[in-house]
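What follows is a pair of complexes built around chain A, which joins chain B in one and chain C in the other.
This part shows the complex of A and B:
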């Protein structure tokens, strides 16, 4: 198809999709931010299968007017992070649930509902909402992120001024088979402040989430998330961060199940000596599993460090995708950039697709990336079996060892341990598809 | 350099010091000028500017082509008209006006065949001299009747430097030279014939061996493969053709020398190499063009077919005019090269040294169709000043137990942009296959860019794919070490870069390895300080 024809088709599809939508009610500045985001969606057009950035993932179900049905799945497991001392904020099918949530006051942070913040005439979040997302299109179009900014109906805005005693835990419950949730959170970490956010749950039949994080000089932000286990759920998430001098930003994402997941991360290192770690593990089981981790790290300051570590374990025809990029701008000298994406294919039906990119305009840098794909190492398996271990057990052990490298990216050992247990559970279920 | 290990010291140019001296000398001698930047004032026969069905027919008629070939070209032209110029590569150049080009230029002296060297246009002979082609080969290249039938070993004594001492026969290289649009002559044709090898211009092959051309032309790179390949299919004027029959090991290296001489002329050569069952051939390709202010277009297609147990080595030293230090002029090099390992255990090895062209768009690829077939890609791409290169490879694994190896070294200096773009694809049926990819980039100066865009697709679990890439700058310790021993900055950079690209240089045939090392130094001239 000719480029002009695709462009035309995209424009028409975008208008058709937008026709039935109205921007959510909000105050003057928020209205402006939403309209600007809507304009971005119009000028970029919603993603098309032929877009280079969607080469490995079909965006159709994410842009369709109606979300495909997704039945609610009972895992029988206790909810994640239940034992953690935390400030719990619960969303049910994308709507804040004050009954199930904790009181939103905690020393060191100010936390509000997005809709409340947006209704106010003056609010600090005005300088953040849609701003980092808006800047993220410089090299690549991310229309779904702009769509999220325009149409988000709920979310939280958090200003971190100190070092709160416990993490903020965002819990996303899924109760309706047709829910279409659009959440947008903003986090501003002030100088020297620190915050950890925990996220878990399937959220909705179709979930669009935007998270913008502005970390000031010497601030720190950690995110540990586990995307829910509902087989039929769909999710498109965007994490956007801007890092000041000597600040730290670390995220880890565990994805188990889900018919469609696209997790994008966009991080700008704008202050010298900033550190950014983005890690993830995905465990896919079955032909109906598609997971896509798309990461874009921009180095725009000197002496910064970035690290991307992604592990995929795929079986029964599952598909894993990794698109990672390190962009080093002119003048971003002494950059240390590292990126690894690895895939373990447990059978012959599964697929791994990767596009690990480097784009470098500064000479005094050390950047590297690696990507591997293959089956469980036959020698290692033989070694364990020769020592009397059953085949399945040996395979599980080697699989856990493979994923361990990504889990090591989580600083808090307690959280890492909880996720590790979930992994072990997933491995056990392998011969019992019915139990999921 | 294994070939040199068993050579007595005296005969060998000492690999380490010797080469460096040569490199240094070359740099000094050329003092920043493009060595091949002269133009030969040969009277040319041009087709009218622009592109149309008539021009396609004219090119076909000029080459005395049969009707089926004309039809094939017209079909390609019709397809090309519907195609769009690709824009995904990380290269920027002004819109090319495809109607503002000559699609056919031919030295006038070729209207009739000369009887001896005296009758050959002296300007053309001068060209060969400058290209460094030995005098006796010139006769053949100039198309003198009866020349090239007897090959005297002395002809090639100068090339024997890299030979192993136990080789009794000196090394021979058969050359096919393409001057603007026309193949001007092929050496050693008779001797090759004895072995059953066909090595001639593609226009001759179309006339003399239509059954082979019909069977294979466009079977690896179809007419509608991409915009530039489509254009080439319609207007290619000449190129080389090689057929190696079953079980034959081609007795000498085959070589093609391409040169664009005329202004505003696009060169569109087409190369077709067929290695039949169990055969072997090594093929070298070199290219130059004069210095010009305006950019010139080059869109070539190379197709390789390797049948069962066949092995083909294809080496390129691409040294088209890169434009001046302000980015003015230079060749736009849009090339489609692809090999089809059709038979089991077939093997194809691409080696390229890309130092020239202002814009390079080139991805020599392997389709590994036969079981146990192998593809290799070794590349050095050097960009300096305002050059842009977007180059890499595709390894498509279809057969079982297929293997591929990619080693790419990109060096970027000045304001240049250098991109590695590649694809490794393991299809579901390509069980137990293997790929290893290593892409390293070196940056010299803070105004240039080095990029890596690999695509990896794995659709079975018994195959292993490994990809590694690094980007760094010239090591300060190494620079200090070299300079402390009396080298100036530029010499030191040339030495270090040669070391960085060693793996690829070693994969080149000896004749090219020497030239390539010098080129590395020359290309980077003016990049430091």
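This part shows the complex of A and C:
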């Protein structure tokens, strides 16, 4: 198909999708922000299968008018982070649930619902909402992120002024098989302040989430999230961050199950000596599993460090995708950039596609990237079996060990251990299923 | 204890016969040594007995305590009481040494219908065994064999042997890469495990290990067969004259 024809087709498809939608009610500044985002969607066009950035992931189900049905999965397990002392904020199918949530007050932060903030004429979040997302299209179009900014119906905005004693825990419950949730959160971490957000749950049949984080000088932000265990759910998420001097930004994402996941991250290191770690692990079983981690880190200051660590375990025809880029702008000297994406393919049917990229305009930097995919190490497996472990047990132990490297990126050991235990359970259930 | 009869083995990948008819009988309570030049098939014998992939048994049998082991999975052989101390212990990043040992021990116990050992009992057991081999607690916390020196790896093998308490121990070139002190430590560890109910097969190229682990019977292996069997004096003969004389003599 010719380029012009694709463009035409994209424009038509975009208009058709937007035709039935109206921007949610909001105050003046928010209306402006939404309209600007909508304009971005129009000018970029919704993603098309032929788009380079969507080469490995078919966006059709993410842009379709109606989300495909997704049954609700009862895990029979206690919810993740249940034992953690936290400020719980619950969304059911993308709608804030005040009954199930804690009182939104915690020393060191100001937190309120997005809709409330948007109804106000004057609000600090005006300078953040849609701003980092809006800046993220410089090199690559992210129309679904702009779409999220335009149409988000709920979310939280958090201003972090101190060091709260506990994390904010966003709990996303999925109860309706046709729910189509669009959430957008904004977090502003003031100078020297610190916040950890825990996210957990499938959220909806189809979930679009935007998270914009502005970390001021010497601030710190941590995100540990797990995307639930629902098999049929779809999710497209965008994490956008801007980092000030000597600030820290670390995220870890665990994805198990789900027919479609596209997690994008876009981080700008704009202050000297900022640190950014983006890590993830995904475990997929079956032909219907598709997971895509797409990361873009821009170094625009000196002496900054960035790490991308992704581990995928794929079996029975599952598909994993990694697109990771490190962009080092002119003058971003002494950049230390690292990127690794690895997949453990437990059979010949599973697929991992990786597109690691470096684009460097400074001459005094250390950047490296690597990507591997392979089977379980035969020597290690033999060694464990020779010591008495059954094959499936040895495979699980080696698989957990493989994923452990990504889990180690989580600073808080208790959270890491909790996720590790869930992973072990996931592997064990599959082992038992395989054993019949 | 261990009975090997007319064992012939070839490599699966290429049509190459490695073992050409091995007969060996190791009694409980005895230490047998197999010596031989490089390429004689010593290590292949240990791999085939422990169940490594890539080898095809074309003839013969091997049984442990009367049970045919050649059709068993490696883990079944381990549960039946067979242990191979590897010449090249495998590094396993991400798996802690303690987790590895406890999982292995409990797997074997489960396979034998025994109760799993509790964390507290296991800790006590491993501390005691590690102390005897001068293994620092720090080494137990590290990933299996990762960053271990040659000597540490071999001591770790013996530690596993001490914890798993197998009936039949095969030591494949356990002396390779060891200095004199490490060899003494490893040998002491092995000797501590010698008892009436346990058999040993010590595979080595050199006689020096046998100064520390005194064998009852010494076999010379060459070109896939055991060509000569004798007492400890046979090892000394190798030490003095090399393999040449013995091999000429049997040829």
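The rule is simple: the second predicted complex is superposed on the first by the 430 of 436 C-alpha atoms of A that agree within 3 Å, B and C clash if a C-alpha of one lies under 4 Å from a C-alpha of the other, contacts with A are read in each partner's own complex, and residues count from 1 in each chain.
In this text, a contact is a pair of C-beta atoms (placed from the backbone, for glycine too) under 8 Å apart; a residue touches a chain by one contact, two chains touch by 3 or more.
Small disclaimer: the values here were computed from a predicted structure and weren't measured.
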**Prompt:** With the two structures laid over each other on chain A, which partner does A:383 touch: chain B (first), chain C (second), both, or neither?
**Reply:** second
**Item:** Per-residue contact with chain A, leading partner among chain C and chain B
**Value:** B
**Prompt:** Regarding the shared-chain residue A:398, is it in contact with chain B (first), chain C (second), both, or neither?
**Reply:** second
**Prompt:** Tell me, which parts of chain B touch chain A in their complex?
**Reply:** 84, 87-88, 426, 428, 431, 441, 443-473
**Prompt:** Inside the complex, what are the residues of chain A that reach chain C?
**Reply:** 378-380, 382-391, 393-394, 397-398, 400-402, 404-405
**Fill in**
Within their complex, chain C touches chain A through residues 50-53, 73-75, 77-79, 84, 86, 89-90, 92-95, 99-100, 103-105, 107-108, 111, 143, 160, 164
**Item:** For the chain A and chain B complex, residues of the former touching the latter
**Value:** 2-3, 52, 330-331, 333, 343, 345-375
